[in-house]
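The same chain A turns up in both complexes below, where it pairs with chain B and then with chain C.
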Partner chain A sequence: MNEVAVSLAGVSKTFRDFWLRPTVKAVDGLDLAVARGDVFGLLGPNGSGKSTTIKMILGLLRPDDGQVRLFGMPPSSVQARRKIGYLPELSYLHPFLTARETLAYYAGLCGLGRQDARRRIDQLLEMTDLTAAASRPVGGFSKGMARRVALASSLIGKPELLILDEPTSGLDPVSTHEVKMLIRTLSKSGMTILMTSHLLADAQDVCRNFMILNRGKGVAQGMVDKIEGSLQDYFLAKVGEERDFKVAPFLEGGAGA
Partner chain B sequence: MAREAGLSAILVPGIAFAVFSSIRTIRRELESGTLQMALAHPVSRRTFLAAKLAGVLGAYGVFFVTVWASSLVAVRGAILGAAAANGDIARVWGPSLAIGTAAIVVPLAAGAVLNRFAGFRFARTAAFTALAVAATGVFYKFDAALSAAHLASSLPLVAPAVFFTVFAGAAAVRLEGNNAASLLFLVAAVSLPVLGAHYIPEAAAGGAPAPWLYAACSLLAVAPLAAAAFIAGAELFNGKDVA
Partner chain C sequence: MRAFCQVALLELRRLVRSKTALALLLASVAWMLATPYLVKSDGTLDGARQIYVRFSLGGVFVLCAISLAASAASSLALERENRRLQLSRTRPVARLTLALARMFALTSLGAAVLAMSSLILLCNVQGDRLCNHVAGPVMESIEAEAARMYDYYMADPETPPEIKAAKKSTVMRVLRQGALDHYQSIAADETAEWTFPAPQSEKLSVSLRFTNDFDLRDDVRGEFSYGAFRGAVSNITQAVVHVPLEAGSGGVAGAQDGKLRFVNMGVSSLMLRPRKDIKLLSGADSFRMNLLRAYLELVSMLSATIAFAVFLGAGLGRPVAVFTCITFMFVSFASSDIIGQYPDQFETDNVDRIGLALTRAVEYASRPVNSLHPLASLSADECIEPGEAIPVALVDMVLLPLLFALLSSFAISLREDWI
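Let's turn to the complex of A and B:
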């Protein structure tokens, strides 16, 4: 059995315009390995390449250089994707489908039989506290409810690897706490979890290992519980820069002048 | 013959319409992000694209089968014009008009009533009812010889157009953000077969040899197919970023 769930070796990705001129190098020679059963945090400031990395792992973006492997297989392979679940940063849902129909749609994409799908949908609706709203179109859901539908969709195939892009984005403190509890519970069942987050306190609560990305490069990695102090301080020490905001010229003459 | 060719022309704009809809569907999935969600599941891009196109073509198929069936009834009415000449107009045109009207009114009414009182989905119920009404049209005093002739005369136009539809949809995925190129390509691709379909009944009515005109029209339909294949190329399904 392959003990590495996700591996990236020398992966680079440059976005280009219509004329194929490079616009931005989002990921630059990234090496990364996530072991089976790990809860791995991919951390970094905005524009550091986290989401691009995740999309390359999912096979949605093609790397220009390097190699991505999911359980030893290329991410484009259907067999590899049978083992993964994905929660994007924004909950992309068909607004006219009900919560139950949304889950049934993704169950169909996972190739689940009718009986299996129905049982699993009931379990997931229960788990995400959506049973009462199961027959309502998701277009009318609050952001938190839509997030829970998307989370349930990512779990419908009972994945071995769960990829969460900013899982607590837009959630209230109670929902955030519930999602973190869920991540811990899923991890205890042996599921590998790879997540990105801006909220370093959240990452510190649930992740065992981490990598910090800055400008597409891995600038630090290690175990969360080996860090002295908070992950926040460690993070700022690695990627923070002193910046002159040049506020004085703007405020010349005082506010309202 | 001219009448049959004219009926074929009904199907071609229908397929052209389906092309636009297929592309719009896929583009909407790209823009809304739902394509990412779907392709993160264990389904190949090829399968997803084929299923999407099949779904759209299927949905439009219901509509155009309805139109086709109504037309067939109308043709039969014309063939049985002798009956009209004998003063038996109601027997011939009455059912034609009834089925044509019912094909529109009954599905909408059934969809609305079943949605309101039984919670059925409106679109799905209306589509199934339309199919049932269309089937009634087709089998109303079914004339196998006429139907076969009609179908045969449609194939040279429809078959290349169907292939073209699939490639055009795929090319739209490939072209993604380049709206202008997509539009230009589609206008050319869609107008050519429609143009061909327009000239065939004209020429056939004037006594020109229809078979070579059919072939010419098929070539017109194949030209955009070849262009689409060229644009899409070998990396059509594999070289594309979806995010």
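Let's turn to the complex of A and C:
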């Protein structure tokens, strides 16, 4: 059995304009390995290349250089995608579908049989406390409820690897706590979890390992337990000094007077 | 298969819950019921029937084609803009399935609307009236005649030098049109004859249209004979007339030599274009069966149009895809008329030539759809031959959607990776 769930070796990605001229190098020679059963945090400021890295892991983008493997397989392969669940940063639900229909749609895409899908949908609706709202169109859901539907749909195919992009984004403290509990529970069941987050306290609560990205490169990597102090301080020490706002000239110019 | 069904179901739910399906259905029913009151007939019962058949179902087809093509062009483009396509693509489902299932769902809705409209049509038209197999005279092929005329003109010293210097394909295009419009003269008391393939039944008639030297309306008098079958003509020129052929006493069924003869008994010469103006009709099956074949052709045309629109939506932004699709449809529908307005491109200027070249390209690309004329045949009681309808339906309903789905899957990937 392959003990590495996700591996990236020397991966680079440059975005180009319509005339194929390079516009931005989003990821630059990135090496990354996520072990099976790990809860791994991919951290970094805005524009650091987290989303591009996630898209390459999901097979939505092809790297210009390097190699991406999921359980030893290329991410675009159907076999690899059978093992993935993905929760995007925004829920991206079809507003005209009900919660049950949404889950049935993704169950169908994952190839689940009718009986299996029905049982799984009922379990997930119960798990995310959406049973009472299962027949309502998700377009009328609150952000927290929509997030729970999206989370349930990411779990519908019984994934071995769950990729969570900002899983607690926009949630109230109670829902945030519930999501973190869920991640811990899923991790205990042996599921590999790769998550990105801006909320470093949340990442510190649930992640075992992490990598900090800045300008497309991995600037730090390690175990959360081994950090002295908070992950927030460590993060700012690694990338914060490069984002020093020049406030003084602005104030001297009369702003705020 | 489960993924295919779920994507198709998703698309159908989108159409139903956005009220698109309901609006299309109501508009179609309203058009079918209102057509007899909106379209003027030529005053004859048969004319009224022909106009009703052509414009009622034709209107519903145009309605379906425009609304469903716009929906199809929006479908994948909207999914991509809302990032839902990315989410679907992270599941173990082929991009081909995502495109093909959408085509299937949209075509199914169009097929349902057309089926309902066809049933309304059938309630208003005598379903058991007979339609006819149509055969044209056996002649030298248009291509062979055009090639022969090309050799003749190139060898002729009186041919203008600009024609001799023109590209062969351009001259051939003009000559092909000329061959189609090639006139044959029949002097007074002269007998003309044309060879036809053996008819498929003994209920025979001739459909014809004559003109005379000065393109005036004039009396036509004469007699057709086809073996033991006879039919007299007494009518005016420029009108399409149907002459039933009756079997003579002791006559044999059909002509042994396959020749249809016409004796001009009038006082002036008559002219006709054999490739366009004369047809031998033989009884086929009912209007009901012909409607079924016309329905199959309409659904196949719709299927190819939707497949093209889905492909545009896979590669282009939503407004661009919808605009391109609708413009392409209008140009392709009007292309044969536009090209027909310019029979001789030696007389046109450069702007016209560019416009014509573009129109010809669109006409050529849309030929699998535009080569079909099910409603013209249906209204004229001309049998849509199954041998011709089925291969075209297979191309339009199976091959083209598969091809466009394949291209769409490349476009989805390319669009994500490139722009």
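Simple rule for what comes next: the second predicted complex is superposed on the first by the 241 of 257 C-alpha atoms of A that agree within 3 Å, B and C clash if a C-alpha of one lies under 4 Å from a C-alpha of the other, contacts with A are read in each partner's own complex, and residues count from 1 in each chain.
Everything that follows uses one rule, which is that a residue touches a chain if its C-beta (ideal position, glycine included) is under 8 Å from a C-beta of that chain, and two chains touch if they have at least 3 such contacts.
As the structure is a computational prediction, the values presented were derived from the model and not from experiment.
Undergrad: Judging by the criteria at the top, classify the pair chain B and chain C on chain A as clash or fit.
TA: clash
Undergrad: Pick one for A:Leu58: touches chain B only (first), chain C only (second), both, or neither.
TA: both
Undergrad: I'd like to know which partner A:Leu112 touches here: chain B for first, chain C for second, both or neither.
TA: So A:Leu112 only meets chain C here.
Undergrad: So, A:Gly66: does it touch chain B (first), chain C (second), both, or neither?
TA: A:Gly66: touches no partner chain.
Undergrad: So, A:Gly157: does it touch chain B (first), chain C (second), both, or neither?
TA: Touch status of A:Gly157: both partners.
Undergrad: Does chain B (first) or chain C (second) touch A:Ala104, or do both, or does neither?
TA: second
Undergrad: Looking at the overlay, does A:Arg16 come into contact with chain B only (first), chain C only (second), both, or neither?
TA: Touch status of A:Arg16: second partner only.
Undergrad: In the superposed arrangement, which partner chain does A:Tyr92 touch: chain B (first), chain C (second), both, or neither?
TA: In the superposed model, A:Tyr92 contacts both chain B and chain C.
Undergrad: In the superposed arrangement, which partner chain does A:Arg82 touch: chain B (first), chain C (second), both, or neither?
TA: both
Undergrad: Taking 170-178, 206-214 or 332-340 from chain C, which overlaps chain B after aligning chain A?
TA: Answer for the clashing stretch of chain C: 332-340.
Undergrad: Let me check the overlay on chain A: which residues of chain A are in contact with chain B and also with chain C?
TA: Dual-contact residues (chain A): 18, 55, 58-62, 78-79, 81-82, 84, 86, 88, 90, 92-94, 106, 109-111, 157.
Undergrad: For chain A, which residues count as touching chain C in their complex?
TA: It comes out as residues 16, 18, 20, 55, 58-62, 78-79, 81-82, 84, 86, 88, 90, 92-94, 96-97, 101, 104-113, 157.
Undergrad: Across the complex, what residues on chain C touch chain A?
TA: Residue positions touching the partner: 2-3, 5-7, 9-10, 13-14, 17-18, 82-84, 86-94, 416-419.
Undergrad: Which chain A residues qualify as touching chain B in the complex?
TA: 18, 55, 58-62, 76, 78-79, 81-82, 84-86, 88, 90, 92-94, 106, 109-111, 150, 153, 157, 163
Undergrad: In their shared complex, at which residues does chain B touch chain A?
TA: 32-34, 36-44, 177-178, 238-239, 241-243
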